[in-house]
Structure formats: C-alpha cells, structure tokens
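What follows are several structures.
One chain, chain A, appears in both complexes that follow, with chain B as partner in the first and chain C in the second.
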Partner chain A sequence: MAYGFEAKNDYGNIIINDTIENLHFIGKATRGSADSAYGDIPNYSGSNDTLDGRVVHTYTITCSGTPVAFIKPNDYSRWHSVIKQSVSGTTWTFEVMISGTSTSNPPDVYCFVNADDIPSSSETHGMQVFKSDGTTKTFDSRKQPLAITGGGTASAPPSDPTNSSGTPGTTSGHPWNYATNDHDFRSSNRYTEHSNSAANTSDAMFSCPSLAQACYKRQMHGFHQSCICYIFGWCACGYQDHWSTASWWVMYRNAFRLRSGKFDAGWTGYAAGYAFSSAYESGGWFGGGGGSYSSGTMPYTAKTINLQSNAYILADSSRYD
Partner chain B sequence: MAHGLNVYKVDGSLGFSTADVTWQTIAQFTVAANATVANTYSEIAGMTVIAQRQLVNVPPAAQEDYVPNAVISNNSQTVTVSPQSGLSSSQCIIHVLAQDT
Partner chain C sequence: MLFNQVQNKENYIEFDDDNYIYKYYEERPYTEEESQSVVATMPEEHWFTLQKVKIYVSGAIEIIGARFFRPRDYNISTHIAEYTDGSATIEFREKKGDPLLQWEGVLSDGRIINYESSKTLRNEYGNLLTGSDFDEYDKAPIVNRWLARSWIEDGEEELLFLVESRAMLDDVAAYYSLPVPYNDDIKPLLDGNLEAIRLKSLDLDGKGPGEFVAVVVASIVFEDGVATKFRLYKISRWNE
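Take a look at the complex of A and B:
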C-alpha cells in the first residue's frame, strides 16, 4: 500500500488495512417468541416415538447493512442453528432452532455489520481507517471490531440424519392395522466434527447458517384377507380384503454444536408427523369402509438436499458484553 | 504481543486485538434467486478464502429451497455464486472471508 494504515499480527498476517472491511458489533438481537415441539411423534405412541425435540426462538434487530449473526449458546450441550433470516425494511429477523424442548437457556444472538454501516459515535478518541475513496470506513476502534478467533470450512453432516442404520423406507407384508415404528428418527449421533482451538463451552460463539435439510419417512403396508362365510369348513362366499398403511416422517435441519476444541455439524428434527389409514372392501353382507388419520404433511418427498459444506466462524462473546 | 494493535474498552478490558484474529471479512453481497454472480477481489490473491452462504426469506419447512454453489477460483481472487446444476436457487447472502497465511 502506498499510504494509509496497516496492522499485522505477530505472524505477519494483515489484520487491518484500507481494503479489508472489518465487521463491528452492532448489538444483541432482541428475543421474542419461542415455539417448542416435537419431543415425540405427534399423535403416535409406541416404539420409537421419541424425537430430539426442538425450540425455535425468534430474534430481531434493526440496523443498516446486512448483519452477520453469531449464536452464543447458553446450553452448550444442545444443537443450534439459524434456520431462517429475513428482512423487512431495516429490521432483520432470525429464527434460531435449538435441540430439546426446554425453552430455558435460550441462546444470545450477537450481530455485526460492516464498519461503514455502524451508527456514528460521539466518542472523540480512537482510530478510524478508510478506503482509498476517503469515505468508506473499514475499521473504527470505537465500535468493537469483530475478532474472528477461529473458523474454516464445516463439512456437510452425514446424508442420513437418522440414528438407525440406513434411511427409512417402505415395506409391505405386515399384518392389517400394524402400526409399530421400527426406525429411530433421532439424530444425536449423526454429525461431522471439526477440530478448532477457538471452540470452547464458556464464551465461544459461532456463525454458520443452516444449509442442509432432509425429510424421511417410514411406511408400513398391512394386509389381511378374511373369508366372508364358511360352509362345512369351506370358504363358500368369497374373500374380503383389508388394507392398512402407517407412516411416520421427520423433517430435519442442519444444526451445530460447540465442544471444547470441536465444532460439530449435525442435525435436529424440525417437524414430524404420523399418518394411519385402514380400509376393507365390501363383500357378502359386509359393506366396505375404513378410516384415516394424519398429523401434518411431509414438505417434500424423502431426500436430503443442500448437502454442502459451509464456512463457519468463531469468536469470543465476552469481548462484546 | 510483539506486533499489532490492541483496542481497549472504556472499563480497561481488552476489546480487540490483532493477535486474536484468524479470518478477515473481505466482502458481503446478496445474490438474487437463480442468478449467477462472479466478484473478484485482487487484494486476497493467494490467501485462503472461504465463502459463507445464508439463504434469505426462505421459510424453514414449506418447500424445497436450494442454496446456490459458491466456488473460489482465479488464485483465490474470484468468488462465483451460481445455482446448483438443474435446480433453481433461492436468494442468498454471501460472506467472503480470507486468511493471510
């Protein structure tokens, strides 16, 4: 550079200059409503009913520019992710999902924007760095610049989000009205881990949007054929068929967890449902009939989408408290 | 620290230190749905570069929403964002970071 200011660290890496746009702390987003659900499969009771559960907390912040949101867990054992970021005018809304059903210990969301988008300061001391145009700010010591203490590329989580081996599918040949789920839809042991010395369970916070999502269903078809009437031990009036279908489904979102020295990319169930239908044909003196029940609908056919790596960044939240 | 810059808060505690920094924000931009955008940053030539993607205004569960690909090329100077092959892509914020290794 021919002029200006440049700061390097002990390793000679450029940290501040007139081209790098440092992010600065704009504040913590305000937490609003919380929606807790899916500790188990809705309206189903039986084997493999238990799910991981999830709580979605909604946060808002008003600012110029586009904020980068960091999640500071207050319960580091749970999985966290920003599953939706939206904007209306200059108000940004973040939906943050955490695993489990307890609304206690919600995370904090720290937001950062470019130096040029931070509000003006009345403080009279400090240092500002501008681009060569003389007006675009890249650094302002008065506004808590972001120090990214760690990060890298978080590989995608395993394509199968379910604890059971293999993804669930459809089988036939079950007894009529059989409805016992044999697939563990929880995700607690489905993740990829990344070593990073900046990861800890005291003050670390992370930014890593949720990209991957998945939807899977277990479906069982049951069948039974009964004789309408017997005469001298023979089925004399024909047969009557009975059908049933039971299905369980869960939709997942990519979520993340901080451990000491580790950053994990895994899954948390976002939505779930159960459906059952039973029918039998008419025959002889017996009219046909049946019934069905469904709690929710799968948002799309069974698959994993957006199974891609994404950049993750870590920082020390205590610097901004 | 032997080199660099520390910034202290009003209470005297450390607020920022170049000694702690591992990644730098280079740029942030938004790519419209189904668009292809290639941005070049000559100042990061040869650095390690990563691009973070965040979908915008996408409902969490109502439909299939696809994130665009982000590819780093041209000696790490160019970030190209484009839809996945054969798929439509949703609006996406791109956050470019570099590490001066």
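Take a look at the complex of A and C:
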C-alpha cells in the first residue's frame, strides 16, 4: 500500500484498507407476501401424513450494488434460509423460507452492500477510505459497516433429509390399492451442529447460502390377480391383473438454525405431493382402466445434490436497529 | 342374442348361448397345452360375455351391455352397450386422467360420456383427498356414498351412488319424486342378496379381505339441473 489507511485485527488480518470493499448496512428489506404450506402431504390422509411445514416470506429492497442478506430470526426454534434472490432494475427480491406453517414471527432481513453503493451521507464527522483511484469508497464509518461477530464452516447437512431411517424407495408386492405411507418425511432431527460462541437466540443473525437440495419419494406398487372365469372348476379364461400405485414425495432445501452457542445446518421441506392410481385391465362401467399409468410430479429424480460445506457469517443485529 | 343394434352383434356370445365357452370344454382338468389347443378352436371373432350390465329405469331395461373377453388374448376386454329403444350404442375405451375411472364411453353419434370419481371414492380407494363430492347438485341426504359423476357435453349428467338397501332406493325415489328403478323380479335380490348385483367388491372400509364392500350402484340423471331419471345398475356374471 503506497498510501492511505490500514487497520488490522489482533491476528494481523486486514480489516480496513484501500482494496478491501467493506460491507455496510443499507437497511432492512421490506416484507411482503407469505406463502404457508406443507404442514402435511397434500391430497393424502393416512399414516405419516405430517410434515414440518414451511412459510416462504418475500422481501424487497432497492439499492445499487449486490446486497448480502442476513437473516435475523424472530423465532429461533425455526429453520431459516434464503432460497431465492433476484433483481429487477435496482429492486432486489429475497424469498426466505422458514420451517413451520405459522406466518407469525417472520424473520427480519438485514441487507449490506459495498461502501461505494451506500447513498452519500450528510454527516460531517467520521472516516472514509478510498481506493487508489480516489473515488471508489471502501469504507465509511458513518454508514454502519458490517461487524462480524462469528463464523466458520458449516458441514453439509446429513445427505438423508428424512427422519425415518434410510431414504425412502419403491417396493412392490403390496395389496391392490394399498396406500399407507410408512416413511416419516419430516426433517426435525436431521442436521449437523457447529459450536460458535457468537451464536445466540436474542440478537444474532446469520448469512449462509442454501445450496443443498434433496427430493425423495416413497412408492408402493399394489397388485392383485383374480381368475376371470372358472370352467368346470378350473381357471380356463386366464387371470385378470389389478394394479395400483401410491407415491409420496417431498423436496427439501438446506436451512439453518441458531441456538445458544450453536449454528445448525439442516433441512426444511419446500414442496410435497401424493399421487395414486388404481386400475385393472379393460375399461368401462367400473371395469377398471388400462394397465399403464403414470403418477407423481417430483421436480427431479430422488437424490441429494449440492451437498457441501458452507461458509457462514454471524453478526449482531442490534448494532443496526 | 344380447344386442339388437350393435354391429356384428352375433359375435358377442351370451351366457346361455349354445356357443358360449362351455361348449369347448369337457368336465375335466386341462393342461396348459390342452387348453391352448381348445382355445385355438374358438372362432377369432367370438367374444364371450363375462359380466352383463342391465340398467333399469322405472322397472324396465333402458340400457343393456356387457364386458366381453376372448381366451386367446384374455388380457383384452371390450365393453359394449346399447339403449334398448335403439337410440344409440356405447363403446367404452381407455382414457387417462381420473385416478380410478380411466375410461370413457363413446356413443354411436360420436358424443362422449365422461366419468369422474368422487372425492369419497378416491379417499376410500387410496387415501386420496382430491376431487369433489358434487355438492353443487341436489343430493338425496339418505345416500351415504356418492361414487362418481358422468356427463355428456350439452346433455345429461348422472350422479352414481352406493346402494345399501332397497329401503335406500325407496327413500331416494321419494326424495326426487321419481319412480323406483327396480321391478318385482329384482326386489327379492335387493332384499335378500344385494351383493349379487354388484359391479365389484372393494375394500372401501379398509377392513381387508373378507370384508370388502359390495359396490351396488344406482344413479340419478339430471337434465338442466332437474332430476329426470332414477337408474339401477344390475350386474350378472358368467357363473350366476
């Protein structure tokens, strides 16, 4: 550095200088609509119907530059994640998913941008740091720079997001029209935890990308065969086949939870469905239907993708209120 | 002969026809090879009645039809019917979409009879919560299970329900001010052997084998929202 100002922490890491563009608080995003769903498997009644549920809150904020969103939970028992971020002009939209179906206690979304993207301040005291071009700001003490209180690397969540042991699969040999789900698709006990002294359940907020996704299906094929007709006591006309298929599926997104001294990486179900089809050969007047069928509308084949460790950052939201 | 209007009606062999499948067998067990030999002697164009459907209105048969099979390719059935007044024939064909009723009827004038299973039937079949119980219709309160709806575009609509007793039929007829669909010949069956005229037995109560529900079906036909006909479906089988 030929000139200017540089600040380092106790470990010698540079905190402020003319090349590092520090993030500064630009405001809380404005909350809009909320979509609550999947407290149970849609269109299904029976065993293992209950899911964790999820609410997707939509937030917007207008700013130049790309905002970094921090989620400040207002119910720390729930799982949170930013599942979508988009921009139109200078208006940024965040979709924040939280577990459960209650729309009460939505989280706050604190947004930070580069110092140069912060609107100019009329305050006359403070310190600004610029790049060597003399115009691009890297730090402005008047605009609430981001103070990181903690962070680290969160291990990936367990690859199997479902509470039941093992991932669900497809089985045959069930009775015709058998449609009782035997898999617990909830995720409440599927997470990895990370100790961090900055984690708390009062003012802590976090930023961590939700990359991992998963989608799993339980499918049961039912079958029954009956003799079409008996001639003199034996089945002379062949057998009639009856088929049924019942399938339950859930799609998950990686989500996070703050506890006292802990940062957890887990899962929340984002979408779910149930499909059922029953038929037996031939058609007409309750005679059944064709033997082929299709069922289920999973977004992709059963698997977990993007399962990897993520950097997470913790900060104290009360500094910006 | 079963039909009067259906094309090639002579090829659809009734239960009591001399050419019914019994003609080809002796009263003894057959090996698979022997059976194949017997089947090979049956005329290709012959279809044997497996289940016969008579639809009664005011005690008279309005529609007669059947499910037919051919032993040479027993996985293929055909369902054909005709109105006894000669006004139309019906051929059924596969149609995907409904989770349970995966077929439609094609009238001889080209119009389609569409079918839709009820929410109740779907739920009892497969724990499915989709569909409607047709609450927009004037439904007789005595009926416990509305099973399905059929409709012809710009034509009649029909709500089908599960018959539990003759008394239920009487109550439904009184509710709609329509004549009962059965006659004195059917009355003993309704009173003493209702399951004999079932369409199928299904595990609607979830009690498992041995306790399936005999699905006996009747229906109310609506035209322009007004109940105009009360139908009873009477099924008979090859062995009954």
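Heads up, the rule we're going with is that the second predicted complex is superposed on the first by the 290 of 321 C-alpha atoms of A that agree within 3 Å, B and C clash if a C-alpha of one lies under 4 Å from a C-alpha of the other, contacts with A are read in each partner's own complex, and residues count from 1 in each chain.
Here, contacts are C-beta pairs under 8 Å (C-beta built on N, C-alpha and C of every residue); 3 or more make two chains touch, one makes a residue touch a chain.
No experiment lies behind these values; they were computed from the predicted model shown.
Looking at the superposed arrangement, the partner reaching more residues of chain A, out of chain B and chain C, is B.
Once chain A of one complex is fitted onto chain A of the other, the partner contacts of A:A279 are limited to chain C, with no touch recorded for chain B. When the two structures are aligned on the shared chain, A:V87 is found in touch with chain B, with no touch to chain C.
With both structures placed on the common chain, the touch criterion links A:N114 to chain B but leaves chain C unconnected.
In the superposed model, A:G27 makes contact with neither chain B nor chain C. In the superposition on chain A, A:P209 makes contact with chain B only, not with chain C. Residue contacts after overlaying the shared chain place A:Q308 against chain B, while chain C stays out of touching range. In the overlay built on the shared chain, the residue A:D316 is in contact with chain B alone; chain C does not reach it.
Residues common to the contacts of chain A with chain B and with chain C across the two structures: none. By the touch criterion stated above, chain C contacts chain A in their complex at residues 21-22, 25-30, 35, 48, 50-51, 53, 65, 67, 69, 71, 74-79, 92-96, 99-103, 105, 122-123, 125-130, 199-200, 202-203, 215, 217, 233, 238-239.
Taken together, the chain B residues at the contact with chain A in this complex read 1-5, 7, 9, 14-28, 30, 43, 50-67, 69, 93, 95, 97-101. For chain A in complex with chain C, the touching residues are 42-46, 177, 179-180, 228-234, 236-241, 244, 246, 274-279, 281-291, 293-294.
Residue ranges of chain A in contact with chain B, taken from their complex: 7-10, 12-16, 19-23, 56, 66, 68, 82-87, 95, 97, 114, 126-127, 141, 144-153, 198, 207-209, 211, 251, 253, 270-271, 299-300, 305-306, 308, 310-313, 316, 319.
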